[in-house]
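Look at the two complexes coming up: chain A is in both, with chain B in one and chain C in the other.
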Partner chain A sequence: MKKRGKGIGSIFYGTGYGNGFPDVSRSVAVLRKDGKVKIYTGATEVGQGSKTVLSQIAAETLGISIEDVIFICEDTSITPDAGTAAASRQTYNTGNAIKKSCEELKRKIIDVTVKASGADAWEEINLRDVALNHKGQILKGEGEFIAETTEMKDETGQGNPYWPYTFNVYGVEVEVDTTNGVVEVIKAVCAQDVGRAINPKLIEGQMDGGFAMGLSYALFEDLNIKNGEIKHNKLTNYLIPTAMDVPDLEKIIVEDPEATGPYGAKGIGEPVMIGVAPAILNAIYDAIGVRITELPATPNKILLALKKKREVAL
Partner chain B sequence: MKEIKLKVNHKDYHVAIEEDMRLLDLLRNRLNLTGTKEGCGEGECGACTVIMDGITVNSCMVMAFQAENREIFTIEGLEKGGRLDPIQQAFLDEGAVQCGFCTPGMVLSAKALLDKNPKPTREEIREGISGNLCRCTGYNKIVDAIEKASEYRKEE
Partner chain C sequence: MKLHVVGQNNMRVDAAAKVTGKALYPEDVSLEGMFIGKTLRSHKPHACITIDTSRAEAMEGVVKVLTYKDVPHNHYGVLMKDHEVFCSEKVRRIGDPIAFVVAVDEEVASKALAKIKVEYRELKAVFDPEVAMHQDAPKLHGESNIVYHYKLRQGDIEKGLEESAVVVENTYVTPMVDHVFLQPEAGVAHMEKDTIVVTTATQYPHFDQLEIAEALEVEKEKVKVINAAVGGAFGGREDITLQIHLALATKLTGKPVKAVYSREESFIAHAKRHAMVMTYKTGADEEGKLKAMEARIIGDTGAYASWAINIMRKAGVHATGPYEIPNVKVDSYAVYTNNPFGGAMRGFGATQPPIAHEQQMDMLAEALNIDPISIRLTNAFKIGSKTATGQILKDSVPLRQCIEAVAEKLGFSVVSRGV
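After this line comes the complex of A and B, so read on.
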């Protein structure tokens, strides 16, 4: 018999390395000869969209178009360190560093134009002219952002391990086939607090991706470690979802600007996957009345839990 | 060694291959068409998908000699005169690319699907790309992109 159930899962997530671990991002902004601006930062693009979002932050701060931002990242021989693309920290941490470097570049450009012609209104300054008139001079701004974090005290559990925090909630509907134990997620919705959405389309992409990974974690992925050896060591037996296993996700972006974030933005890379598994497990409970306490919730585990429930009832 | 003739992206090739060479290696190492990716190398992930005589195949599971006198399309064969194929454009417009590793295979599976079924439903699209695994996107934006590509192709 196929039984349906609904469940929700809600989480909060601390951005950055946390617990007092040094968390620093740096950026350098340089005015090019043709009036375009080069941004140097170590931030790594792994497909999450940091190149786009960080270029947008630079363009916004300098009031120039994104085509005039030349974004140079990843090459450690020419870029300043901006930490890892991890802990959902690049938009917030490196975004802040880039904003600072662009603000400093802006101040330096205004300084030279005031000296040269008295012009101090940013809107009236033509960056190409500035670059032409100050050929011998390198105009650059440096930015460093150090995340707020203190070590938590073991005895009291007090401290300020992370800043900022991000919140989300998932709601899912599942269908459980009680004859073979297969769980299918048929409907899902995610509401994600983002601080401020610098690029809504990229945020949606992160939500879709996090949802699929969370679903996969809840229902499919099993390393099957026996005596320290990974038995499911290929895609033939280590299952991840196909396009047919992932339903459409309704995506709700919640904007509540974070005072310390670049233009109010926060990172969402990891938060978007955390709430999925609890929501699915709650939906399974709602559908068939059994609690699955070990992931993944494979058909075998569902059938065993149902059998146990029937035995207890007898 | 064996000599074979085949057509890749409208171009005729006459190449010498080893008997145990895979089509994937012929494309990447001999013809320098590195847009085709090797993922799992065992026919599970679809990253190496190419179109052979109108049908998608995993080029890691096809021997090079099996491509004799066949017509192959790889991701490099899609653009026309410097213009992206409507499917490629739709992938860009919908944000259907994240790390990009599955993208060439996804785009070719989408092409094979749309060539046969110009206006597929979302379910049909999901089925059409079910042989291509993606770790980043959660597939939804890819499904959106293929829906959009279907519209773009109608306009052309």
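After this line comes the complex of A and C, so read on.
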């Protein structure tokens, strides 16, 4: 018999290294000879879209188009350290560093331009002309951002370990086949707090990816470790979802700008996957009245739990 | 604020290169005259070893076989430096690197791996973190397997549980899982005059640079890390895998050296999400207002600490979920075992506790005959809320909006409970 149920998963996530550990990002913005702006930073593009989002922050700050931002992040010998591409920290931390470096570059450009021509409105300044008129002079701005975090007390764990916090809520509807134990997610909604969306499409991409990864954590992934040995060590036995297993996700971006974020943005790379598994587990209970307390919720575990429930009822 | 670029759906700046195949991933990089490197790994979870590489080194086409003897400073790790670049006396997990063959091609390198003789004298191993916490359990490093204990205390837990109309208890278990990024580890190292250049895919090139320099005992400025296109990471590229092996191989041979892991080797080479056992006790009053939450969380960090301290701390801080609870007691532990090592993975310790706290919320709701949405809204963080660590949430807390949006879209008002 197929039974349906709904479940919700609601979470918070603290950005950054945490607990007072120095969490520093750096950026250098340089005006190029052709009027384009180079951004040098050690922030890695791991596929999450940081190169694009961080370029947008630079373009916004300088009032130029994203095509005029040259983003360099691949070489330790020419880029400043911007910390790791982790802890959902690059948009927030390095975004702030880039914004600062661009603001400083902007001040310097205004400074030399006002001295030279008397132009005072940023909109009247043509960066190509500035670069031409100041050949031989390197116009650059440097930016550093240090995240807010304090070390917690040893005995009580009290303190302000992270900032900011990001919120995520998933709701799912599942269909559980009580004859074979298969759980199918048939409907899913995600509401993601983003502070401010720098690039909504990229946020939606993260939500889709996070949903698939969370669904996989809830229902499929099992390394089958026996006496320290990973028995499921290839993609023929370590199951991850295909497009057939992942339904369309309804995506809701919730904007509530964070005062300390670049243009109000917060990091979302991790939060987007966290609410999925608990929502699925709650939906399974709603459908068939059994709590799966050990991941993954494989057909075998579902059938065993149902059997146990029937035995208790007898 | 009027914004002209922020908020726009700009196309990814790296999209064209990636969809046309122009983007260079480390596996795509080939340098003239380069050697191929392959790693010999432990087959035992806990053993003393002796290594004989002489037969492999005598083979035609084998340039060098690197072992611990070749590493100036044989230690690395993101926090504890408890990894050895190559195991010297003891292996602590299946997959620990023991040697690295540098050969003219892959075939020779593979054959040479089989010629290296490793004698294992097996030691008693421990795979269950709760067993590993006992004083008489086999030890992985030093005197105790408990790497870290995070204590969170707020209010009076006993009083809070007493004052609760309903208390629910359960134990939740989550396994280790893999990141399964698309592109298994690969890299090429070469010399640029006296600078060692390592081209790889990493989450943090400046930290890799530091770890390579420390292991090789060279100045940081004499190491350059080039981050090629990265085929996904999710935390799995935070710990070093092949970077030091390649750097050392090119430094000692003077020639470019490349290594590419198979999917199977990738599974064994990098960290896993921490397996956790989470025992929860949560109490609420008749209106569904949370009064108390007690949790004991044990995280299995396997053979090495990696980020265990930060991860189990994050698990402890996030153990309550996004709810105001006046009385909280959390004990979160990171424990060594002879399992694969635990490390960073998307969520970083904040992914596991919701498996517990969100089911606890639904159990409380059912016991109190309240719906799952209302109980969450009753307790949800808002501006001015105090977290269990005493932190005041001063800005941007749109949790209620998120819950209400999901409830509306999924039609949660008509929840029918149970079978």
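Just so it is clear, the second predicted complex is superposed on the first by the 314 of 314 C-alpha atoms of A that agree within 3 Å, B and C clash if a C-alpha of one lies under 4 Å from a C-alpha of the other, contacts with A are read in each partner's own complex, and residues count from 1 in each chain.
As a working rule, a residue touches a chain if its C-beta (ideal position, glycine included) is under 8 Å from a C-beta of that chain, and two chains touch if they have at least 3 such contacts.
Here the structure is a predicted model, which is why all the values come from computation and not from measurement.
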Practice problem: Report clash or fit for the pair chain B and chain C bound to chain A in the combined superposed model. | Solution: fit
Quiz item: What is the contact status of A:Ile225 with respect to chain B (first) and chain C (second): first, second, both, or neither?
Solution: second
Quiz item: Taking the superposition as given, does A:Val46 touch the first partner, chain B, the second, chain C, both, or neither?
Solution: both
Quiz item: So, does A:Leu235 touch the first partner chain B, the second partner chain C, both, or neither?
Solution: both
Quiz item: For chain A, which side has the bigger count of touched residues, chain B or chain C?
Solution: C
Practice problem: Considering only the touch criterion stated at the top, classify A:Asp208 as touching first (chain B), second (chain C), both, or neither. | Solution: first
Quiz item: Is A:Glu155 touching the first partner chain B, the second partner chain C, both, or neither of them?
Solution: second
Quiz item: Minimum Cα separation, chain B versus chain C, post-superposition (Å)?
Solution: 5
Self-check item: Contact residues of chain A, present in both the chain B and the chain C interface
Solution: 46-47, 49, 201-202, 210, 213, 234-235, 240
Exercise. Provide the residue numbers of chain A that touch chain B in the complex, in ascending order.
Key: 46-49, 201-202, 204-205, 207-213, 234-236, 240-244, 246, 248-249
Quiz item: Considering the complex alone, what residue numbers of chain B touch chain A?
Solution: 40, 42, 44-45, 95, 97-100, 122, 125-127, 129-143
Quiz prompt | Residues of chain A that touch chain C when the two form their complex | solution = 3, 6-14, 17-19, 21, 42, 44-47, 49, 51-52, 55-57, 59-60, 63, 65-66, 71, 73-77, 79, 81-87, 152, 154-162, 164-165, 167-173, 187, 189-193, 195-202, 210, 213, 217, 221-223, 225, 227-230, 233-235, 238, 240, 250, 252, 254, 256-261, 263-266, 269-270, 273-275, 277-279, 281-282, 285-286, 288-289, 291, 293-296
Practice problem: Please name which positions on chain C make contact with chain A in the complex. | Solution: 1, 3-14, 45-46, 93-95, 125, 127, 150-154, 170-178, 180, 202-207, 209, 223-235, 237-238, 263-264, 267-268, 272, 310, 313-314, 316-318, 321-322, 330, 337-340, 344, 346-348, 350-351, 354-355, 357-359, 361-363, 372-373, 376, 380-381, 388-391, 393, 395-399, 401-403, 405-407, 409-412, 415-419
